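Next come two complexes, and both contain chain A; in the first it sits with chain B, in the second with chain C.
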Partner chain A sequence: MTESATPSRSEALLEVEDLSTHFSIGAGRLRAVDGVSFSLQPGQTMGIVGESGSGKTVLSRTIMRLNLGNNVHTSGRVRFLDKDLLELPMKAMTDIWGQEIAMVFQDPMTSLNPVVKVGRQVSEHVRKHLGVSKTEAKKLAVELLRSVRIPEAETAIDRYPHELSGGMRQRVSIAIALACSPKLLFADEPTTALDVTVQHQILNLLGMQQQERSMAMVLVTHDLGVVAGRTDEILVMYAGKIVEKAKTAEIFQTTEHPYTEALLRSIPKTDQPSHTRLAAIAGRPPTLIEISKGCSFSPRCPYAQERCFEEEPVLEETTPGHYTACWYRVGTPENQEAWDKNLAAGRLSTLAIDQGHIVDEVPVNVGSGGN
Partner chain B sequence: MLGKVIALRMVRLIATLFAVSLITFLMVEQLPGDPILAILPPEALDDLENIERIRKELRLDDSVVTRYFRWVGDALQGDLGKSYITDQPVSDAIKDRIPVTLELAFLATFLAALLAVPIGAFCAYREGSRVDRIMSGITTTALSIPGFVAGIFFIWLFTLKFNWLPSTGWNRISDKGLIANLKTAILPAASLALAPLAINARLIRADMIGTLKEDYVLSARAKGLRDRYILMRHALRPSSLTAVTVFALQFGGLIGGTVVIETIFALPGLGTRLISGIYQRDVMMIQGITLFIASVYVIVNAAADFLYLALDPRIRRR
Partner chain C sequence: MAGSGKAHLRGREDVLIRAEDLVVEFPVSKDRVVNAVSGISLDVKRGETLGLVGESGCGKSTTAKSLIQLPPPTSGTVNFAGNDLTELAGEDLRRTRTDLQMIFQDPISSLNPRRKIGDVVAEPLRVWGPRESTEQKELVNAMLEAVGIDPQIARDKRPHEFSGGQCQRISIARALVLNPQVIICDEPVSALDVSVQAQILNMLEDLKADYGLTLVFIAHDLAVVKNVSDRVAVMYLGKMCEVSESNSLYATPAHPYTRLLLSSSPVPDPEANIDVTMVEEGDIPSPIDPPSGCRFRTRCEYATERCAQEEPVMRPVYEDHFVACHHPLVSVPEPAEVSA
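Let's turn to the complex of A and B:
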């Protein structure tokens, strides 16, 4: 499902333009999402990848207009079909939520109501949106649970969420999201809270359902390994901005942004314990509150040069369909030069990679990372 | 697991009841004055032999310990003794008076719940709005008004000013029907309801504000459910677990709390009987009614605990 002809822009299901979401907080303005643009065609899958805190959840929720609170400042445009979502009255959004756009949340333990039976949670919005009767809704709930491979669906509808395993609960969340056959599904780290063995089952289930229903999907994750082979396009986010965007295969084969490269390096190898992945990128993401000039990745980048600390790189189309925001893109001679220079100068983040281990204040299995 | 929890609580309940009985007994024992003096007319007080005879007859000459265990032993069999003054068995007095007190407590709880739930839910939903702030002021005020002051105010307003309702007395349902009964019950019940209403409205508000921040409320929104539906079906349910428990707890308190209100409205309830017992130094009556009220309180509290266990599916099915 990686290669398909890109239809013209006007056919896009979702078009996001220069979208920003800032929060006013005590210390100032937190730029959680800053000038993000992308578009998604019907039936396609977009992966949004970035470390925790890079703004993926806020971006998804901004598009769906689920950011609550009076400290939220959103600007930009979100076109969904012929609608300008950010301009719609809230009441109109309730007809889009669940019916046109749905979301699967990260943690099925907290996103399901603990005191409402599973069957009701799966079908209550179907009753509202499609106006079906109570008995029909019950039948539908059973069907939906079956379609997400929940065994003994007839009895499962009368259970409470805590009586199901984590994987089963996430299947319930997926059933809820699919119930009204939405055109677009946001899956925000749908497997992060689950066991590794269950993760693949859930991702496969999502992929299958998506194809069956020819639904578009935005798959949000901090793990590039999750999106590999499951998405058409990938959008890499860092500090609220897109730093690289390309077809999935392209991103893996011709990685251009140093941050993407670092994320790739951090995909856990199967022979390593999974907890080594967190140590893979030295340093921490910026706090998003102070706006430093220059590239936001520069403090951690092994290729960073003078220019990186002064001037912010813009997202540029480097080859058709491949966008990157970096002065010294991976794979260019300039990049090699920058690397050699930093190595000679003994820059810490450069040395770390050169010597095959990770320098980090947080000692998360530093040693085993380089085996 | 759940069985063990229940067993443990039962043990605790029984221990508490014993403690309650002991404290009640000792407190009444400490009341000044010899109970005999309250029984006999003043002119009989010179006849010391007679006094001793009566003391023996009532077995008041036994030691404190003996009398305590006799009293508790009888109480366990449903016998709270007899009034030394009127000869009426204490349990009869309770049976006679409890319907009024119970009705008041039920009615007050019902009124408080009826208003507190929607008020609390709405204020949580509109947290920080003007309505929320006004309600917060009202509940603060309501909390600082003692029940008897509210009672007196209600009498002034509804009886003296508008003459809508009687200020005192009680119509039994069996005698005069429900409407006439409610006419005499509503003002005292409202005075009693004021404090629990204010407390619960705040409690439900605070609880709901927490609930509304839960992920599952957001996911309910993302399903396209309407706010009111989410409020009633998703947010109120978990909060109501707390609310129901608190209402049950307050119900126990109301049984004892009616004493003052019954007196103001001159109602034939348990409270007025207790007060008259105190005036008459009717030791057995005071002891018996106090033990009864305290036990009801303790038992209702325990029941509220169990209720919580029964209502929360996370605990129930474990």
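Let's turn to the complex of A and C:
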């Protein structure tokens, strides 16, 4: 890989193109991930955010080719370095796991064996992938546990996972993930189950290891606070699609998509006075089974106009590097007009944002005056 | 007597709830106990929201449950509207308790899956409500409407037909149906997506105003707690660290633990300063064998010899802002003499 100041597309570490993952279920075809494209440069951190059910986990697991069941249909392309991951035989894929792409999950017990001492779990992983001797592997295991700041690593290796705190278990699974110095780490809600102080340490640890190893990371989370200071770029997902993608600072400072904006306005912040009214988003995310015309956020969107119910917006580059899928982007005069019009018409989804009221039922894809 | 002082308590005549020196111990073996709550005192004014914040296991739920005597504390008193609940028993206790309702984190599992929503909400009425079934029905309808659920549609459905946020609202309707004075909310939004969380937080504020409620609100998210609370109490390992009017607590945290919590909390602002140096977990003690002196000392960067010897006592640092720490993060006027 050549070094250059402005990496071109061909230098991407990971390139995802028009990726879709659908499930056949009783009620029809569930479009969990629908036409997602993005690329990630070496050493960079990509945050993927969205509320539960938006497709973050399915997207990650599809890219890594982890088992999603036998009712799954995947299309699109995933290029990692010079390999087309979706085309690789499973054997070649297993060689990539742990060696070049590693992963950390919300529940460390999904990757740890409850009845094997943690030291052995790390050293066996090291032996399998690096082909070193038993004593060498044990030494490496201690070093790895030390590198993830597990105190007294020499004795900690003899512990079973259940003897460790949640944070310590997550550190062990990070040690295993890092063992072969992967080029890319997928972390799917790695700190969601942990207390804030532990979350903070683990995120710092991941960032530190990432820098030391020039490893790229995809950080998947429902928490915009978690990605804010820790990623280079953010993808916002809604109903299986990317609705906005930009440099992290831009997503927050010049938010363009109404869903991103609504999410940000619904989060309480410590620098707001007590009793600050929060924005509420009307309705619920779509079921992902029925295909609807238009923008998938339109029933809930405070700005939706006629066009939104008819025509699906495409993800467009609005300013260099900032992509948004919306006909009435936040910050444009058209957006302001749409707001004023909907507010005057008493549109429920607009009032929910404006006044923070609960609105459970919103009519699906009807004219913008509808309420 | 274990206790972190009571300088933060206000006049008895001003408060609806006043709990003093609450201790809750859970035996784990013949001679060992979990010191879940070790001398907590708190009060709540009528119409006020008290936020309780702290990391998991610090004793928030245990404190809350001991307020309603489920189970009663190992020692200590809970005064509610002039009655010491720890002295009440049987029918008297149960009747008084209808004034203090509790809602929980997991709304779906706290609603009986086999019962219809109408019956779920009516349940508390069967013992304590009006006899007339039409009157009961009206109350249930009114409460469902109050939480934004259409009773005509919802009454005959079952919990699984509703989203997590709707189930939480249904459990709030059930808590409201006996017209209680106090609702204790134990992590009511922790399992919900942020947009649903916002709905519930706004709604609790509205209900509080409409029904003149007094709230005790537990959460581990500091921003959530600040949003709904008038006053916030920070707990650590069964002890109270800091109690303050909420804006003051966040603007000028005085306890090292409060500051640690605040600096660890993720902020949805890329410009916010993140202290990236903290990577170690530190020595997290067990409530079975808590540290001497200040329980936070094993993780505190300001700890001195004194912190191991002597338990810090709650004392004022600012107007309506109290801290239990020997070396608080403020320049304090000479510590006021406080009776403990």
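Everything that follows uses one rule, which is that the second predicted complex is superposed on the first by the 330 of 371 C-alpha atoms of A that agree within 3 Å, B and C clash if a C-alpha of one lies under 4 Å from a C-alpha of the other, contacts with A are read in each partner's own complex, and residues count from 1 in each chain.
Convention: contacts are C-beta pairs under 8 Å (C-beta built on N, C-alpha and C of every residue); 3 or more make two chains touch, one makes a residue touch a chain.
What you see is a predicted model, and the numbers here were worked out from it, not measured in a lab.
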| item | value |
| --- | --- |
| Greater chain A contact set [chain C / chain B] | C |
| Which of chain B and chain C A:112 touches, first, second, both or neither | first |
| Which of chain B and chain C A:204 touches, first, second, both or neither | second |
| Chain B versus chain C as contact partner of A:163, first or second or both or neither | first |
| Touching partner for A:97 - first (chain B), second (chain C), both, neither | first |
| Which of chain B and chain C A:196 touches, first, second, both or neither | second |
| Partner chain(s) touched by A:128 [first = chain B, second = chain C, both, neither] | first |
| Chain A residues touching chain B - in the complex, by the definition given at the top | 64, 66, 68, 93-99, 102-103, 105, 107, 110-116, 124-125, 128-129, 160, 162-163, 173, 176, 180 |
| Chain C residues touching chain A - in the complex, by the definition given at the top | 55-56, 148-149, 163, 166, 169, 193-195, 197-199, 201-203, 205, 220-224, 226-230, 246-247, 250, 260-272, 274-281, 284 |
| Residues of chain A defined as touching chain C within the complex | 51-52, 149, 151, 165, 167-168, 195-201, 204-205, 207-208, 222-226, 228-230, 248-249, 252-253, 262-264, 266-281, 284, 356-358, 360 |
| Contact footprint of chain A on chain B as seen in their complex | 214-216, 218-226, 229, 233-234, 237-238, 241, 312-314, 317 |
